[in-house]
Amino acid sequence: MPRGKVSVHEERCKGCGLCIEACPQGVLSFSGDFNSSGYDYVTVDNPEDCVGCGFCGKVCPDVALTVYKKQKEGV
Amino acid sequence: MPRGKVSVHEERCKGCGLCIEACPQGVLSFSGDFNSSGYDYVTVDNPEDCVGCGFCGKVCPDVALTVYKKQKEGV
Amino acid sequence: MGEKKLMRGNEAIAEAAIRAGCRNYFAYPITPQAELLQWMANHMPEVENGTFLQAESEVGAISMVYGAASTGERTMTSSSSPGISLKQEGISYLAGSELPSVIVNIMRGGPGLGNIQPAQGDYFQSTKGGGHGDYQLIVLAPSTVPEAAELTFESFDLADKYRIPVMVLADGMIGQMMEPVELPSPIDPSNLPDKPWATTGTNGRDPNVIRSFALGAENLKSINLDLQEKYEKIRKREIRFEEIGVEDPDILLVAFGTVARIARTARRLGKKEGIDIGIFRPITLWPFPDERLAELSESLDTVLTVEMNAGQMVEDVRLSVKSRAQTPFYGEQGGVVPTPSEILEEVKHHV
Amino acid sequence: MGEKKLMRGNEAIAEAAIRAGCRNYFAYPITPQAELLQWMANHMPEVENGTFLQAESEVGAISMVYGAASTGERTMTSSSSPGISLKQEGISYLAGSELPSVIVNIMRGGPGLGNIQPAQGDYFQSTKGGGHGDYQLIVLAPSTVPEAAELTFESFDLADKYRIPVMVLADGMIGQMMEPVELPSPIDPSNLPDKPWATTGTNGRDPNVIRSFALGAENLKSINLDLQEKYEKIRKREIRFEEIGVEDPDILLVAFGTVARIARTARRLGKKEGIDIGIFRPITLWPFPDERLAELSESLDTVLTVEMNAGQMVEDVRLSVKSRAQTPFYGEQGGVVPTPSEILEEVKHHV
Amino acid sequence: MEEYSTIVSGFGGQGVILTGKIIARSGMEEGLEVTWLPSYGPEMRGGTANCTAIISSKLIGSPVVNNPSSLIAFNEPSLDKFGASVREGGVIVLNSSLIEDHPEYGPTRVVPVSFNEIARQLENQKVINMVALGAWSHATEALSLEALQKGMKLTLEESGKGKFVEVNEKALEKGYAAAD
Amino acid sequence: MEEYSTIVSGFGGQGVILTGKIIARSGMEEGLEVTWLPSYGPEMRGGTANCTAIISSKLIGSPVVNNPSSLIAFNEPSLDKFGASVREGGVIVLNSSLIEDHPEYGPTRVVPVSFNEIARQLENQKVINMVALGAWSHATEALSLEALQKGMKLTLEESGKGKFVEVNEKALEKGYAAAD
Amino acid sequence: MSKEALAEDTAGMEKVFDRPKSLNNQQFSYCPGCHHGVINRLIAETIDELGIQDNTVGTAPVGCSVFLYKWFDIDVIQPAHGRVSAVATGVKRARPDLNVFAYQGDGDFASIGTNNSTHAANRGDNITVFFINNTLYGMTGGEMSPTTLLNQKTTTTPKGRKAKDFGPPIKMSEMLSALDGPTYITRQAVYDVKRIDQTKKAIKKAFRIQTEGKGYALVEILSACPINWGMDPVKANERIKEEVENVYPLGDILDRS
Amino acid sequence: MSKEALAEDTAGMEKVFDRPKSLNNQQFSYCPGCHHGVINRLIAETIDELGIQDNTVGTAPVGCSVFLYKWFDIDVIQPAHGRVSAVATGVKRARPDLNVFAYQGDGDFASIGTNNSTHAANRGDNITVFFINNTLYGMTGGEMSPTTLLNQKTTTTPKGRKAKDFGPPIKMSEMLSALDGPTYITRQAVYDVKRIDQTKKAIKKAFRIQTEGKGYALVEILSACPINWGMDPVKANERIKEEVENVYPLGDILDRS
């Protein structure tokens, strides 16, 4: 089980690329596809590398990401 | 001959008293009389004491004074 | 109602506003309405939740009105002609956002800096929209100090009832003169009906939004149509005027505010000389009492409009009277107040 | 006249101003007049003594106009509805001080923030005085891009001739659309007649003073009477309008600006259906072509006014037509532009 | 009572504004209609001040009058400005302390009283206006001395100047007597 | 020529505004009356853009039309918005690269052309609008290919983009050919 | 991914980043990469964390944030351009129990609104002001604003802003810090995670100053306008770091809290 | 004294103080002891000394100095309240060869006109601005201005200005000195001969900066309003020295000339 998980709200994504730039793990990339507003939205490329740091979410201007993190053992 | 001379434009004077306060020589005082605007204008009380310093003119808000000063010898 | 007090118009207006539950007053000093500000500075802090704030400018003041009125609290500003011009954008916004509020204009001579004498040159500005777009204010024009107090008091109810800015339009004479006034008893603003549209924090309900913005022409059109519908309602219900001797006079004189009271004296003078002058005094300048005036004009030869301007209300008179009667105009300008005998002289040219 | 260029209305107005010798332009950005500012930013620095300054606000801009116009140099500002409202105090001052200057209003939907679509809701504001006091602007209403350029060019002459602020009143459609324009050749502003009243430093002559201030009612009255005399002169000399098929039409349609050009298409559609629509287009909104309209209405049943507002110019139409003909009104609001077929539909209700 | 109008006029510090207010206030207390209108604004500064008070048993039309029933002139410029406008049969009460000569005003009665001198006798230059008002009462009979005393008292007390009532009362009386 | 009106509509970056301008400019160079009107303001941002170009041998009345003679639709939302409004006997040129299915529009002729694909062949996605314009020329015959080439050339040159004339010329031709 | 799949997938995980409660579900209309979105979210998060959603009133500018009312799940007032501070003052004076924030662009706050902005600050009005400085007029198409950098090209400074013609960029936060009225003035940026975290802290502090009745707090935030800067969002971030920040240094400028 | 007598009397003497040429013979309409008069004279003297009477244009405020045009023997423009700086900018941009000064009260410069004042300063407009700070609105009857001292009674602060309600006195000169645009900002007073001489120097320097094309110069001058302060002129002078100066210290605040 990966330490973190990110989910992309594809319709909300405007393809600005800021999350891709911000992710320390290289988890995200452009999908190459277009959503209904015509934007090349982001997709989760390497889900297993996600550490749940939330950086991507923080920089996203369109609040298009949700981030989960593994709970600490014993909590 | 005094060192200086001050002349009051009585109709212009509003009797504010600032020149009286500013004169280092006590040359000026209120006339006790009223000009046509109803102001107790200033009068030259002790002309012989005037040193022509111009202080009175400088503080007068109504440019009601003219000041003369004895020319330096030989000039 | 309490005992009679001798009050300046500016003071009576201010005190009437407080008694009407006005708790927020924002303004910038200008002659001849300075005493209004001063009264508020003295007395607003004495009432519970009373806010007096001298704003940095008239634009600041009208914007503060926008904010305070958005909370649903009774709010007022006042100024005189040049200051009112500065508020025009804000007034258009208040009207567009349907914010109840009261604006007092104690008119002075214009244009530009002009002078501070009484004038009525802002009739057009108040009634036809000095700001941009299609909107209306209810415009109330008192002609005495007691009436200034009364109309100010009522203006807050009108403003709330229709969610509309109301203007009390008087001139420097009414602002500066003293007359005995019997002021209405103060109301308790906490007993006023709720304003469910106000921005007071959601507290569980859906968010409220105050705006005059509508992207898309069709959206804005429908907002405008709603506004017009409201205006139509007000036109039907809220017209006010006063009539004196309008049954078969030799001439009907139309005047508002200060001129109307001078006209009363002219009427008295006229009587002595055998001239019967009827007086029609619009109290609401908007909505203008057009139907009644049309009706009266049926049986008249001449409807003379007298104003302290170059001819403004006379256009509304003409629109009402149409071709039924002659509609001459007599005006004074620049702060000159016509005298009763001058008015009578003018009347004589037409009878 | 040079070759034809395809230009946006905003650009054509800006370039026409420069060619008319305008050397000082102060404005604040607002849609839909942004390209006017941009054109000036690009091209004013290219002409000798050309000043482009983006002001801190519309109030700043109109005040800079006041200053620059005081020196006698040709000066302009531009904005759109809310920004024009902010300028009302300044406009009243310009008029009161008799400063030649040109103000462009590219109208949008109101009231308040409204939207940025084309509208004509500022007719009253422009013609009856959005500012305080009795004053007038000459108000020119182009209905095509070439005409916008032409009228802007001429507005500077009118402003100088009468020492009056001139308003070019167009809407977002005219500002935004492109049409082929043949621009007039540039004039050399240094060849213009002297302005002996301007504040340019005394250089030996007696001091000049620019002001709208007059203490004492009689003083201000006489200034106002002079203004009114000037306005009367302008009324006599400067009225402009366009007529299309006004000889015995089935109905006369009165419209200005954008609506007038749409009305032309409606006229064409009408012809196909056997309805003869005459068009009367005021070009000067003030002075309003009242006499000619009165004359035309003698032989008409119906004079239909169409505007992109809730009914503003229609008041001037009614004041002109009086009871000679029916004077219905058809309006669109909020940035909705009436289509030719909608206008034709409306016409059919009246013929 | 028909409209009875009075213009009070003088220099800035002479208490002109208050004089007019007391006429209005006294009239009001007598149950009459009243108006009071000041000249206002920057021209007051330093220069002359004036106001108009009207009392009437009927609704008052114009609060400005071109031909007042009476004039109280505290100084010469005031007389120059308004003297000739007083209506036929009217009254001019003037301050003979500051106005040495005065023209005849045809059918207008002129009542000269030494406002400043009488005030000096009371050792209070501030009360010259009440001297004037007392004289006006006698000369015009528009309002009784008692009515004015009441109006003055109320006005002063309400603005926290109750302690000056007494000297002002005396001034009113002296003025009344002097207009004999 | 009667008024011939065209609505050009698409996403923000697709060159819609320029397409309309070139129609107007080309018409003008042919000695016709022309108008061009953009949709403007914040709704342009990110969303769709459209403009209306009219050419006519007579004075043009309204620059807005409810029922255009033709439509160039760069994407589906544009077709949805304006497709049904095209007048009887009019023409819709649509971008079949992005619009897969389209309804029938009764008496309106629909001409599908793969704007993007043809542009891709020219290795320049930016010229999809000239592809469209070439197709429009063929389909409507409102303006000749030569007229458009001239208008395009002048427009680009005047805005300092002369170096793109060649590729755009090719795109016009390819589009023209594709509408066969 | 379906809801169920997601739930399964995230079993044993906690949500560390999600849409704040004070935002509704509507999408922002900002351009891709626009910092307004980040800032809006930070404000919403702060409102959530302080538990003041129910009694907060926002005032939104005319500018790209004119639609604030569409996205925030709180009461919002949309005033005239430049008047946002004065309107916030009006609200706060009428209802001191409400939390009031003003959200303003640089055109709004530092050009047309300078008078209202300055006097709200000098009066020490108990409001929280956000001043979003993207060095130009976003909404109207990229004109110069008083905060535009020297030599920056905008539609009204086609050759770049020259001090000779238009003066140097105005430093509002420094200028207002010279006054005795304000309580807290800070300048922040949101171009990377670190600055975003710092900005969030500043926003929270600014709101707290209000809830504690301590007076006027101003948070200036350097903001990217990729569209009008003609840059992709990543480049726009770099521009702030490398250019804008040099003219407008980050950090607290005044703190009397 | 007759002209002849005077001439005889002053034989062998030189005139060391007289009415400046740039003033005409009309009397000021200021109240007795009002410092506006002193300041007007100093400006006129400076214009004389610099020999620029012929090509100087003054802009006068709405305020007690609205009549400037009546007294100065130069071209004068009388703009709307608060707009004096903006109008001066308009003149200067149109005619850079003219010397332009703006004369403004504290209400004009620091309240309604703050926006225009600030941006003229920030643009570094090449004009000379006189800001006459008498801590209230003289013309309209003595209302509070943003520069009114704490606890000072005015007609709109009957119990004295409280910071809680109206904020502390605004320090415009310090505030504008935080900007990069202005060249010279100084605060002076005219309550005694020494300060009058210093003020004169400052005025001259401010004009010189303009004639040399060096940009924006502001001379704030603390000024007495005996009438609305309810003090005789001598007391009013003392108030400046003992109270006003403590809040608004004298001296140059910014000098980039």
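Lettered A, B, C, D, E, F, G and H in written order, each chain numbered from 1.
To be clear about the criterion, contacts are C-beta pairs under 8 Å (C-beta built on N, C-alpha and C of every residue); 3 or more make two chains touch, one makes a residue touch a chain.
Not measured: the values here are computed from a predicted model.
Participant: Going only through chains that touch each other, how many steps at minimum separate chain B from chain F?
Facilitator: Minimum number of steps from chain B to chain F: 3.
Participant: Of all chain pairs, which one counts the most C-beta contacts?
Facilitator: Greatest count of contact pairs is found between chains C-D.
Participant: Using CA atom averages as chain centres, what separation in Å is found between chain G and chain H?
Facilitator: 38
Participant: I'd like the Å distance between the centres of chain A and chain E, where a centre is the mean of that chain's Cα atoms.
Facilitator: 87
Participant: Once you find the CA centre of chain D and the CA centre of chain G, what distance in Å lies between them?
Facilitator: Distance between chain centres: 38 Å.
Participant: Out of chain D, which residues touch more than one other chain, so two or more?
Facilitator: Each of 31, 53, 56-57, 59, 82, 89, 93, 97, 112-113, 115, 117, 211-213, 215-216, 337 in chain D touches at least two other chains.
Participant: Could you check chain A for residues that touch two or more other chains and list them?
Facilitator: 14
Participant: Residue numbers in chain G touching 2 or more other chains?
Facilitator: Each of 31-32, 62, 66, 78, 80, 111-112, 114-115, 118-119, 139, 146, 166 in chain G touches at least two other chains.
Participant: So in the complex, the part of chain C that touches chain E is made up of which residues?
Facilitator: Per the stated touch rule, the residues are 4, 6, 31-32, 115-117, 172-173, 176-180, 261-268, 337, 339-341.
Participant: Hey, which residues of chain C end up touching chain G in the complex?
Facilitator: 23-24, 26, 51, 53, 55-57, 59-60, 63-71, 73, 75, 89-90, 93, 97, 199-204, 207-213
Participant: Enumerate the contact residues on chain B facing chain H in the complex.
Facilitator: 1, 4-5, 7, 11-12, 14-18, 21-22, 39, 52, 54-55, 57-63, 65-71
Participant: Enumerate the contact residues on chain G facing chain D in the complex.
Facilitator: Within the complex, chain G touches chain D at residues 62, 66, 78, 80-82, 107, 111-112, 114, 137, 139-141, 143-144, 146, 155-158, 165-166.
Participant: Inside the complex, what are the residues of chain E that reach chain C?
Facilitator: 3, 21, 24-25, 28, 33-38, 40-42, 59-66
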